[in-house]
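Shown next, in structure tokens, is the structure this report addresses.
Naming follows writing order (A, B, C and D), and every chain is counted from residue 1.
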Amino acid sequence: MTRPEDVLVQRLGEAVVEQVRFRDDLTLIVPREHMLRALEIAGSTGFRLLTDLTAVDRHPAQPRFDVIYMLTSVEQHARIRFMVHLAADQTMPSATSLWPGANWLEREVFDLFGIRFDGHPDLRRILMPDDWEGHPLRKDYPLVEEPVEFKGHTPKVPSEIIPKSKPKLL
Amino acid sequence: MKETLVLNMGPQHPATHGVLRLVLELEGEVILNLEPVIGYLHTGFEKEMETRTYHQNIVFPPRIEYLATFIEEQAYVLAVEKLLGITAPKRAEVIRLILAELSRIASHLVYLGTAAIDLNVTSLLMYCFRDREEILDIFEMVSGQRMMHGYFRIGGLQWDLPQGFAERVQRFLDDFPRRLDEYETLLTDNLIWRKRTEGVAVLSAEDAIRYGCTGPVLRGSGVSYDVRKAFPYGGYADYEFDVPVGSNGDAFDRYRVRMDEMRQSRRIILQALRGLPEGPILVDDRKVALPPRRELVRSMEAVIHQFKLVSEGIHPPAGEVYASVESPRGEKGYYIVSDGSNRPVRVRVRSASFNNLQALPVMLRRGTVADVVVAIASIDIVLGDVDR
Amino acid sequence: MIEVAIVAVKSAVLLFILLTACAYMTLLERRLLGKFQVRHGPNRVGPFGLLQPLADGLKLVFKESFMPAHVDVIVYWLAPAISMIAALFVYAVIPFGPEVTLFGQRVPLRLADVNVGILLVLATSSVGVYGIILGGWSSNNKYSLLGSLRSSAQLISYELALGLAVISVVLTAGSLSLVRIVEAQRHVWFVALQPLGFLIFLIAAVAETNRAPFDLPEAEQELIAGYQTEYGGFKFAMFYIGEYVAIVTMSALATTLFWGGWWGPLLPGLIWFVFKTLAFVFFFIWLRATLPRVRHDQLMALGWKFLIPLGLLNLVVTAVIVVLRQS
Amino acid sequence: MAVTFRYLFRPPITILYPEAKRAAVQPRFKGRHWLTLYDDGMERCVGCELCVIVCPSQAIFVQAGENTPEHQVSKGERYAADFQINELRCIFCGFCEEACPTGAIVLGREYELASFTRDSMIYTKPMLTEPYPGSSGRDPKREV
């Protein structure tokens, strides 16, 4: 039996630059310019539900952002994840023409990461106030902290109490 | 040219279930345009979770979505376990499942009560909360807290079940169907209730999928998609239950679906209680789980593990996973990106309410002000979940 | 001279009783709702919360009398007053009991026996709705406006049905005077002769008093208390009194028109009257604890497509029977 | 309507707080903190700061001091010279209790923790330490 993911990968062909499989999750890395086309193909292959659309900030690595699309096939019970590497100054094509539900998700990514989506009908901030400056989920956005109040002592700020360990690469 | 009235409903409004603001453009009482404005409860949980260890982050999920607390914890814990490549022992898994299903009942009861009070059935709210209290009492018995439990651990549970747990749950479940029937007499058999919900806030199956709706909203529209069946997690594959599905996609169908889901949850719990296995409740991996407390006095090694695990935390391998569960509101997923350090690089909370709420303008095309209330209640949003 | 004094004393006593009754109705309602909802209800102020209405009243009177910007000041003040006065005025003609003898003076337990009493009742209770409409309009608030619009729509739909039901009773009794109507029920209460009329009257009465499940003008969950939104303090209290007195009025009317007024075995008439009225008040509260609210278009549909045709039918049938019996 | 009518005669389920309290909180209830003692009166806390580290809301502050033979406070080398918990920050997750290797910090049964000033909600060591062994409800002879 061929799984829907495999069918999709076959149909996408050249558009997929890299396939990553980690703990049964299949991630397809697609270049930015093919993304919309890839989503359209995925949609017609049965992955009709746009479960999630989000981004990850890899600062200071380059390219800085990953934009992630998670699709689900409601009928065939399969999932697929698309990932686009995006430089800080690049924009993404909007998926709102394929899924009206992408509207808010893209607004959220814009709000929290500052990634712009071309062709989005109404790209405004959604969670933060309209006059907010900066994009909070970027890694270079400072976490504003205050030490907890104690009598006669000023402890370290919360995020420094457990030191962040060095990333170990597989 | 027609004159229209722009009405700001919320963020302080009795029927918006939190700090939701709706901008309505009205002609008389008929809605021409509707735009939900969210973000009033945005607390930056995703950012905060990046600054804490995997273990500390257990406290956040129930605070994000405060009605189905155990399901939230389950979702997060499952995601981290998937990242680590471990599974909890069988007994822990079953206990989680029982508590998650109790959470589902508790959450649906809040839906039922608030949906009823939005239509001014004031009494039902109290009846529902009475039943919910009993569930919360059970939760307190198990975890020591009624809502923000912090009971699930990565790789298992904090404690085993207390004495008398099964009997208490059994007692609740024995009485529960009778109460549900009572509520159905109050609502399902009530002409006014049916008139107010049938054909109101209709969402077609096609629209529901296009807007990314999940949970009872999607199932009410006739799509049988339940994460518990589609991508079985946490042992759901072992139990028999049905996925109730509606047909018209209106507020009444969503109500029916939730009522039936409560009965199904009861069925699952009964099966799970009967088949509750004995055994450990925490994985025996000192890199993930704290050593048992009795070892701390005897073994120096245990103390060292305890110190190391608490002060440094868990180090999952670099990678990214997405794990989701079926919350009472729909698919609740945690997407965790790890770089191999003790803190996540990114935790993305896929919330069902966020997507479901987005479909509100579609549901209320040419509806009236009175329908807004019904529609919001039928989506059953939790603003903490929407804004995170 | 002595008649005037008696009427004055009676008015004062009645006013006092009504206002107190209205205050205690809030307590009764809250306690009963509490009972319905398996909780206690207010019980902090005084034994069983008996002083709660007093505390509420004092609070409302002494509260700062605020006024939102851009209101139409005169109408804004006038509206609650209309609402309250209209509600109280109805009691001029409601008979509470048969004549009693007090201090050697025969005192009828009513303020006046107007020969078109029932018309007066209907007329004044309609005036009460103007209070709501004007209040909502003058508040300069969108919710209030919507509430008052709903109220006017409701008034038109239900006043008619109410009237039709009442006319059937009038035909049966052969008089417009409330006292005569009650006296005509000495042997058979009209609820037995006019069951359909009673049903129509009951539904219309609930709608007329803006009570659940027809409390659309207030509709807390939709319109945030509708026309009352911008009112506070004493002005709000007047609205409140208006509303609760209207409930008592409708209960008293139902008793008078259909349940034989003061007639009843053993006990004195006044007690029977009060007892029956209280039973209806209880019914109103019970409805509130149980039923969902209807939508305004459904409310209109119920009124126009259902109640009014039925009322007309009832009227025609009654008329035919009355004529047949006379001939 | 019959349903609500039936309820009219059922006893209320709410309790008249504050006159009537909840019958009993569950044994596992996570309430206010206590620093427990051994049954000989020694402090269990050894000032290791694990609770400080694990606390997700950083509500705990510990300053360790060295035990000396003349001034022996706990059964280890060190003891908590100062121990404060900001109960306003505390989210009652119970992680501190779980992390504590000597079982010194426990969450008690008290849930009425309201106060009028922020200052009075910062519990200091004298407020946190049990007045006598076992007064927090935990057996002072227990192993951890």
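The definition used in the following text is that contacts are C-beta pairs under 8 Å (C-beta built on N, C-alpha and C of every residue); 3 or more make two chains touch, one makes a residue touch a chain.
As the structure is a prediction and not an experimental result, all values here were calculated from the model.
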| item | value |
| --- | --- |
| Closest chain to global C-alpha mean, per-chain Cα centroids | B |
| Contact pairs, highest-scoring chain pair | A-B |
| CA centroid of chain C to CA centroid of chain D, Å | 57 |
| Mean-CA-position distance for chain D and chain A (Å) | 41 |
| Gap in Å, rounded to a whole number, between the CA centres of chain C and chain A | 61 |
| Rounded Å distance between chain B and chain C, as computed from the means of their C-alpha atoms | 46 |
| Numbers and ranges of chain D residues touching at least 2 other chains | 3-4, 7, 13, 53, 57 |
| Overlap residues in chain C, where contacts from two or more other chains coincide | 36-39, 289-291 |
| Touching two or more other chains - residues of chain B | 52, 56, 123, 127, 130, 186, 311 |
| In the complex with chain B, residue positions of chain A that touch it | 22-23, 25, 27, 48-52, 54, 56-58, 68, 70, 72, 74, 77, 79, 81, 99-105, 108, 112, 125-129, 136-137, 143, 158-159, 162, 164-170 |
| Residues of chain D touching chain B in the complex | 2-4, 7, 13, 25-30, 48, 50, 53-54, 56-57, 91-95, 98-99, 101, 103, 107, 143-144 |
| Of chain A, residues touching chain D in the complex | 148-153, 155, 158, 161-162 |
| Chain C-facing residues of chain B, complex | 5, 7, 13-15, 28-29, 116-123, 125-127, 130, 186-187, 190, 192-193, 195-196, 368-373 |
| Interfacial residue positions of chain D with respect to chain A in the complex | 52-53, 57-59, 61, 63, 82, 84, 86, 89, 118-119, 122, 124 |
